[in-house]
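Here it is, the structure in full.
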Amino acid sequence: MTVALFAEQLLNGVQFGLMLFLMAAGLTLVFGVMGLINLAHGSLYMVGAFACAAVANFTGSFWLGLGASLAAAAAAGAIVEIVVIRRLYNRDHLDQVLATFALILIFSEGTRWVFGSFPLYLNVPELLSGPVSLPLGVEYPLYRLAIIVIGFAVAIGLYLLIAKTRLGIRIRAGESDRAMIAALGIDIRFLYTVVFALGAGLAGLAGALVGAIQSVQVGMGEPVLILAFVVIVIGGIGSIKGALFGSLLVGLVDTMGRFLLPWTFKLFMDPSQATSIGSALASMLIYILMALVLVAKPKGLFSANA
Amino acid sequence: MTDYSGGGDAPVLEIRNLYKSFGALKATDDVSLTLMPGEIHALIGPNGAGKSTLIRQICGEFEPDHGSVHFLGNDLKNSGVADRAQLGLGRTFQISSLALEFSALRNVMLAVQSTSGSSFKFFKPVMKDQPLVDAAMSFLGKVEMQSRANVPAAELSHGERRKLEMAIALALKPKAFVLDEPMAGMGPEGSKALTGFLSDLRHQAPILLVEHDMDAVFALADRISVLVYGQIIASGTVDEIRGNSVVRTAYLGEDA
Amino acid sequence: MLNYSRETILNTVLTLLLLGIPFAALAIDEPFYVTLATRVTIFALAGVGLNFALGLGGLISFGHAAFFGLGGYAVGILASHALNYEPLMSSPFEIEGTTQMVILWGVAMIVSGLAALIIGLFSLRTSGVYFIMITLAFAQMIYYFAISWPAYGGEDGLPIYVRNGFPGVNTLVPINFFMISFGVLMLAILLVAVLRNSRFGAALQAARQNEDRLSAVGIKPFYIRLAAFVISAMITGLAGALFADLNRFVSPSMLSWHTSGEIMVFVILGGVGRLFGPVAGAALFILFEFIFGGLTEHWMFFLGLVLLAVVLFARGGLIGTIAGKVRYD
């Protein structure tokens, strides 16, 4: 194993983690502010990816596609919030789970209806194609590096939004005391729609960005959604800081586990067996991590109301 | 063997140097108090004095930062809410806390089943378990609620729910009662009846009584402790507290 | 004067319909409907398991596919070893595979119960949304493990070449297998009915209604819930075992989160906490799939719409809508 290969995997882990963060941030905000568990968040990720692929293929511009992904996912989020989600804020979690599960069926089957069952392909933009040379002799795809930069930029932007802007103050007020924010005369329904659309837009952006390195297909959002849940359980519900930390942790542990476990087993095992046992164990690693966090801190590492 | 049955001089419940803070707020600040056999010890204090926080530490809902709670000679440090109830700490809630879909009878039966045998019995129907039903009925009778036995708790009036809380506490056959504002919202008639009831109850087990109704407190209490800003500022008999100028300014709101 | 409640009448009608349809289908020579009714029966059984934890205990498990799938894999793995004459393990002592349903069911229930014990020990430390997400995540862990572990088919799944046997019955005859499944379903419902009225059931339902009240009378909600979660998983695991034999095939899709969602849908469509709720729910689901699946390949889209409407406007499910609210004696 070379240093370069190891460094490349580390970068992959960070990149994966940051994409998870884009998903987890919206989920945790929506839960923190509105008390809602949204299973359909993965559908918004898918909507973003399909919007990007469709627009990019039609216009030939990835960048227009990226803009479309944000817009389409945020718009889909706003519409879903107004039509369905806002009727669920005062319902119990069971109703929220079921209604958003129903939304997944509608989104997935609706998308299949429009785009068919075959995956769409989304090419990395010309500007960002090819590898770039980093120190230590690492050759790393420029596009993935760009995703890392975008991920960090969004994290910083989200921090500034919540810490410094008027909208952020309202969001934080909404997290601590729903009655107070209504008493302040803030239009709470509008605020909820904005928060939901913001989370949806971030999920859509993540879907588009990842869509260019994987394929764009129906159901692509659900595995990411479940990983985002793991992130939130580790980080603590409602905490953006926890979501960032949890995402990077999950991204790194998962990527490095898949890389290092088979490699480790090969040291004392027959290679094909080592690969299968190693990768089977690696697929369980983050869930074991989650279980360990739960034992130590049942409310997550950065619980907002600890 | 220490005598806890009444008349002895070992405290049934003993709280030693309890501290609990929430951030900068000292909700419980070096509180010590005892509950002696056969007595009613009233805990009074203005809103926000930390009475509920103290009760919750005694009953095991909150863990104190420092200090200890001893019950019948046992340190309760590692006992949860359910353990303490099993040991014989019978509490009522400030705001009625019932299984709302269950009838009054089934609420009481839950307490009876906890004190007699295991809850891990899977096959015998509870409603056909005659000793269980009869025992629960008799506790409902003690608070004159027999006629309401089959009404779901959700459909009971406020006063009836308070009585049901009391019946549940009785059904636990506790060694000490911790009653959190039992008079709240009872009306003058109800309060008067409850005062008589509690006055007799002390012979069954001593009572730590948190109460705002001063008439009831002065009529019932053998001892009174006054909690203000998390600290006990005075403790003594009814007459001593009535005459205490610090208490009068800090709590009763009169000019000394 | 008839003294039966609406719910009792409805339950009786449902049972008779479920029992009658396959025989009617045989009479008109449409054996396909026998299989359809068997599917309803097995899905209902999976729902009965979840309903015990969810309806009585208020435990919103979004991971019951784990137990359904483990039950299925227990059958698939043991049967494949038996058919290949390969012991499952040879040291320190030998364990052979088997094709006897009754033994397979026992193993399926033990495996699912153990998995629930471990998952429950972690997830029941939390509540609310955490519990939902954690059960989902653990189920997903088992799903990915099944996909990446190549010994038993991995992603492709594992065929069971011959349906397993039951003493004195030719299980290959569809109506016989239906009757076995139906019998198991009725036993499971009976078990839940008995448990519901027991001391344990009282404590479990109290844990859902008011956890603080249960603790304050000296009963620890954690152990009550853990036991309920294990029992619930064992019933769902048994359903998985039957499902494996119905299809003569097990695959990771039995373990997928979609299956968890569907089991939950059976419970909700029928009515949460109702004894026969899962039967009504599974029947509605299969009926919907059968009718709309014949009209359009996008029937799931419409299922989503219907489900959404049920959640938003018809809380209580079919049985709740017809029979009104639950009353305790």
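As written, the chains take the letters A, B and C, and residue 1 is the first residue of each chain.
As a working rule, contacts are C-beta pairs under 8 Å (C-beta built on N, C-alpha and C of every residue); 3 or more make two chains touch, one makes a residue touch a chain.
All of these numbers come straight from a predicted model, not from anything done at the bench.
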Most centrally placed chain - per-chain CA mean versus overall CA mean: C
Farthest chain relative to chain B (centres taken as mean CA coordinates): A
Between chain A and chain C, centroid-to-centroid distance (C-alpha), Å: 31
CA centroid of chain B to CA centroid of chain C, Å: 44
Whole-Å gap separating chain A and chain B, where each centre is the average of the chain's CA atoms: 49
Contacting residues of chain C [partner chain A, same complex]: 54, 60, 62, 122-123, 125-126, 128-130, 132-134, 136-138, 140-141, 144-145, 147-151, 257, 261, 264-265, 268, 272, 298-301, 303-305, 307-308, 311-312, 315
Residue ranges of chain C touching chain B (in the complex, touch as defined): 194-195, 197-203, 205-206, 209-210, 212-221, 223-224, 227, 326-329
Contact footprint of chain C on chain A as seen in their complex: 31, 37, 84, 87, 93-95, 97-99, 101-106, 108-110, 112-113, 222-223, 226, 229-230, 232-233, 237, 276, 279-280, 282-284, 287-288, 290-291, 294-295, 298-299
Contact footprint of chain C on chain B as seen in their complex: 59, 61, 80-83, 85-86, 91, 93, 97-103, 106-107, 109-111, 113-115, 117-127, 129, 150, 152, 168, 171-172
